[in-house]
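Structures incoming, each one as structure tokens.
Same chain, two partners: subunit A is paired with subunit B first, then with subunit C.
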Partner chain A sequence: MGYFLLRRTVGFLATLLTITVVVFAVMNILPGDPALTILGIEASEAALEALRQQLGLHDPVVVRYFRWVGAALTGDFGMSHAYRVSVAELVLERLPLTLSLAFGGMIATVVLALAMGIGAAANHRKAGDWGVMFLSQIGIAVPSFWAAMLLVLLFAVYLQWLPPGGFPGWSDPVAALRSLVLPIAALTFVQAAVLARVTRSAALEVMRLDYVRTARAMGYPRRRILWRHVLPNALVPIVTIVGLQFATLVTGTIVIENVFYLPGLGRLVFQAIANRDLPLVQALVTLFAVIVVTVNFLVDVIYVMIDPRLKTRA
Partner chain B sequence: MRLTAAPALLAALALALAAPAAAQTRISIGIQQEPTALDPTIEATAAINVMVTQNIFETLTRVDRSGAVQPGLAESWEISDDGRTYRFHLHQGVAFHDGTPFTADHVLFSFERAMAEDSTNPRRIIFDPIESVEMIDEHTVEITLARPEAFFLFELARGPAIIVTPETVETNATRPVGTGPFMFDAWTRGDRLRFVKNPGHRNADEVALDMVEFRFIADPAAAAAALLAGELDAFPGFPAPELVAQFEADPRFTVQVGTTEGEVILAMNNARPPFDDIRARQAVSHAINREELIEGAMYGLAVPISSFYPPHGPAFVDLSDLYPHDPDRARALFEEAGILGDTLTLRPVPFPYGTRSAEIIQAQLGAAGMNVRIENVEWGFWLEEVFRNHNYDLTIVAHTESNDLGNFARDSYYWGYDSDAFRELWEAIRTETDDEARIALLQDAQRMVSEEAVLGYLFQLPLIGIFRDGVEGFWDSQPTLALPLAEVTVR
Partner chain C sequence: MSRHLTPNLVLGAVLVAFVVGVAALSLVWTPHDHAAMNIRARFAPASDIHWLGTDQLGRDVVSQLMVAARNSMTVALIAVLMGGSIGVAFGLLASALGGWVEDLIMRVADIGFAFPALLFAIMLSAVFGPSLWVAVFAIAFINIPVFARVTRGAANVIWTRDYVAAARAAGQGRFAISRDHILPNVAAPVIVQATIEFAIAILAEAALSYLGLGAQPPSPSWGRMLSEAQTLMFMAPQLAIYPGLCIMAAVLGFSLLGDALRDITDPRLTRSRQA
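Entry: the complex of A and B
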């Protein structure tokens, strides 16, 4: 396990380093001058020059990169060019919303998908199975932004049960939860469809194995066989997909935050790229990378926990 | 029972309807563009100017809904006979929101800051004509110009010319402090911005609103949903002309379609082939069918233009007969210019009016025998590649500044138009202080740029406002970038 952790940590750091280099390079190759984006087309050349000086855009790329890395290692992610406040402040004020969305979406996805997938497997080739397969087919086919728009039309515009968007902040937990229901539902709809299918086929595969037949023959209750013997052994592919989906969820919030005008990290990174706000883009992409790599790492640890055979291979 | 109850019910209903609706003092306003900072002296974003100029901050002069210059922080002024010296008499008893009394010092500070060597003011040209700014006494300022400047008082009303106080200048980006009828209250970046009424303002008695909340909603479908769900009272710059009919049919809303100062143009790169040849530009002008374009791209909600001047302006001349829609003539001219059948690149700005117009222009130029390749680019890319590097054949963009005919006089501007005759004419316009004479010159200028077919002139960008029934007082047109809330009432 020690060697496993060490190897993963080295991989983690190497990934991060690569990502920061790539983002820095891409943002510098990409046409677009931060000063021009901020001051607009009426600005004089002198004003643009003064702003570039202020933002430190004159130093060579390599110098700027190492200055950024050096500061980032001490926890200083610099000032946002466009917002004129520290990047840390911007990220911290938006992180809770995006994490609530991603975790809320993940929990709802897992609960719904496991119930639907196992239910479908248990009712293989019966009405329940066909129903789940049909629903999940729709879920896979429908893009999340469109599902989001339909949800808004139904629940916010016609029924007026829930707000159409916005986020009042966690100081009013009820209002905050209410405003998260639709975005989480939109995220879950698509993700759960994929996961339910994976769960179903993984469960079906396990159900064909001899020990399940034996358990049945011994007269164990169906439910107990499903949840105690089938599910744990079907978990490896499910956990793999959940890990991948979490990464999709974090990035999928970009779209969902736009449709529901939520002030989260997704909208922030979108704006930061449009504004050529290099320090902000750099910090956000690095943060997204940290989240994804951490989740992958956790998935690997969970593998070892649910399938002890992997311990020796790790 | 039923028979007796009905009249009583009706009477109650009639009473309820007749009772005067209580006036509301809060309003929730949708804004499409999310600002990154709240100080118009450091950033050009239109939404910043719209929200804070005339609300949080004030300027020496003010532009009203008709486009006329009115007193602002200066209650009156005198202009010397040579048109070079302006003496401004400032309002007395005005204070900034932090309590600092407003004096001539603040005017000097604000102007000197904007004019400084290292100033990053996004519109330094406002201050270019200024030779000196002097304080005569606590409440009198004298500004001397190097030459007469016809648009000076109008320009002084813009966001980049706001009067600020040195104590808060570093924090205005996040906590703006001005002298306006509203004070900054709270800002959740990316979500909402809240102002409250400034009870100490000299016109506070006339301000109906106690609280204003801006909500930032970029997505057009989400903007419509927020209005329909009752989250918003007003969306003064509604982004989706295709959804307007739905709101017009809905008795809960009123729709205002006005105009902005934004001329939407099909810019041609005059500096390089093929559009260095006037025949090629004339051909494009003949190929454009404005009615079809406005119907298709703007759902009929725009006014066509035939030069670079708004149809609602005092000096407007109709030049639509100059290059009427005539695909055959266009084809013949393309042939004469020797480029018939060639491929042109069109890089529109990434806003709905731009990308939608691009597809129609592509079809219209196609009907005149040209191939047009549309390259959709992102805003930062457009600024750098098209605007700065002049790397384009055709582009579609709106120029939203007032009095911007002067763009044709600029050196090495992205249109590549280089005419000393026009520069002379523009110099005459800007220094002409007699209104009538200036209007005649402005008409000459429109004719010149239209005859030379410097650009393809498409339409004036509309201002679409959607308001909940009972919301009144918003400007129906936008002669300058502002959204004065002191005039707004909610029932």
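Entry: the complex of A and C
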């Protein structure tokens, strides 16, 4: 167990390092002059030169990379060109909204998918099973932003129950939560479709095993068998997918925030592209990739805790 | 063969044939010029002339959807072919050489998974400005590790076969064996994966174009049509429906077809699925 954790942690740190290299390489080594990108072609040569000085573009690439990573480790992600404030400040200000979306979406996804998946497995080859499979097949094929638009059409345009977009701020918690309902529903719809499928097939695998038959023969109630005996043993594939999905959810928030005009990190990164704010884009892309990798790492660790057999094998 | 004729296969094949057929048809014929504007006929309802009506500039919706289908298929095809061939090459290389080369390639592939197409497209757009090529490269890039992994997994199995051992004993080199024996035998899983990745590529292109990182105006794209329709949702909600249905049909078609092909080529899965 200790050896496994150590090996996995070293791999994780190496991956983090590689991410910074990849992001830095794409943003800095690809042909193009960052100063020109930021200021535009109409900028004067003097202004370009001044910005190049300020960004330290005359230094060798390797020096610039280490300066960037070194500063980032101390929490300094540079200055945003467009907003004239530190990137860290901008990120901290918008992080709560994005995290609420991602975690809200994840919780809703897990609850909905487990209920649907276990329900489908319990009703294997009956109407309920076909219904869940049909819904999840549709869910997989529907782009999340379109699901979001349809939800807005129904609940904001026709029924007018919920706001079509925007965010009133956390000072009014009820209004804030109301404006998060549709975005979270849109995120959940697609992800739950995928997870319900996995849950169903994992549960079906376990339900064929002898101990489940024994539990049934001993007269345990169906519900108890499903949730106490089948589900825990079906968890390994489910947790794997949940981990992968959290990564998808985090990047999904980028899309959904732009559909609903929510001022989170996803909206920020698009404003940064529009403003040609390269330092901000670089920091945000790194942050998103780091979140994805960190979640995968945590899932690997949880994985071993759920399935003790993996401990000895690792 | 008839036992393979599952509903998945039939529905998937029909949808794929329809979408690809329409995309091909748009090369030679659309009901109207897809870019022709007619402000007086804007927001026209469905009629004999405009089967699904017109948009905010009076352009024919059916014609736009058809050209957008071509756009979507082209992007997906180029991206999957590009990412797929690079990925397959790396997979074959990893499997053929083994040892630290294999470890290195698979490690790098793992890191590739940390970058969803969207993040890659964001970086490229920030540097080069958004364009359709940004979408193509971003989607191609995320396909590389997927194909590398599938190819290497399948190839490692083939390398243990007797006929490969025979070829080695006959003095054939690793690369020649990869070409003559490994590649033909990993083709099935690679093609299955390509079909599924095609569906994912269509979704990704739609999302990127919706966000403005893919197809640029005036070239029609399902994703961009949706983003334009969003601002008009109170006025013309129908415009927000059709492009989404097209995306759904295309993605559903390719993913059902991929599932069905996997069942056919990997009977082990079929049995466990039916049990």
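Throughout what follows, the second predicted complex is superposed on the first by the 277 of 314 C-alpha atoms of A that agree within 3 Å, B and C clash if a C-alpha of one lies under 4 Å from a C-alpha of the other, contacts with A are read in each partner's own complex, and residues count from 1 in each chain.
Keep in mind that, in the parts below, a residue touches a chain if its C-beta (ideal position, glycine included) is under 8 Å from a C-beta of that chain, and two chains touch if they have at least 3 such contacts.
None of these values were measured; they are calculated from a predicted model.
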First (subunit B), second (subunit C), both or neither touched by A:V299: neither
Who does A:A176 touch here: subunit B (first), subunit C (second), both, or neither? neither
Applying the document's definition of touch, where does A:E93 land relative to subunit B and subunit C: first, second, both, or neither? first
I'd like to know which partner A:V259 touches here: subunit B for first, subunit C for second, both or neither. both
Considering only the touch criterion stated at the top, classify A:I41 as touching first (subunit B), second (subunit C), both, or neither. first
Quick one: classify A:R276 as touching subunit B (first), subunit C (second), both or neither. both
One more residue to check, A:L135. First (subunit B), second (subunit C), both or neither? neither
Which superposed partner A:V157 touches (first subunit B, second subunit C, both, neither): both
So in the superposed three-chain picture, is A:V69 touching just subunit B, just subunit C, both, or none of them (first/second/both/neither)? neither
Shared contact residues on subunit A - subunit B and subunit C: 30, 32, 37, 149, 152-153, 157, 164, 258-259, 276
Any idea which subunit C residues touch subunit A in the complex? 107-108, 110-111, 113-116, 118-120, 122-128, 130, 199, 203, 206-207, 210-213, 223, 226, 229-230, 233-234, 237, 240, 243-244, 247-249, 251-252, 255-256, 272-273, 275
Where on subunit B does subunit A make contact in their complex? 34, 36-37, 42-45, 117-125, 173-174, 188-192, 215-219, 221-222, 225-226, 228-231, 378-381, 383-385, 387-388, 401
Complex interface listing, subunit A residues touching subunit B: 30-33, 36-44, 46-47, 50-51, 53-54, 80, 82-85, 90, 93-94, 149, 152-153, 156-157, 160, 163-167, 169, 258-264, 267-268, 271, 274-277
In the complex, go through subunit A and note every residue touching subunit C. 14-15, 18-19, 22-23, 26-27, 30, 32, 37, 137-138, 140-146, 149-150, 152-153, 157, 164, 201, 204-205, 208, 247-248, 251, 254-255, 258-259, 269-270, 272-273, 276, 278, 281-282, 284-285, 288-289, 292-293, 296
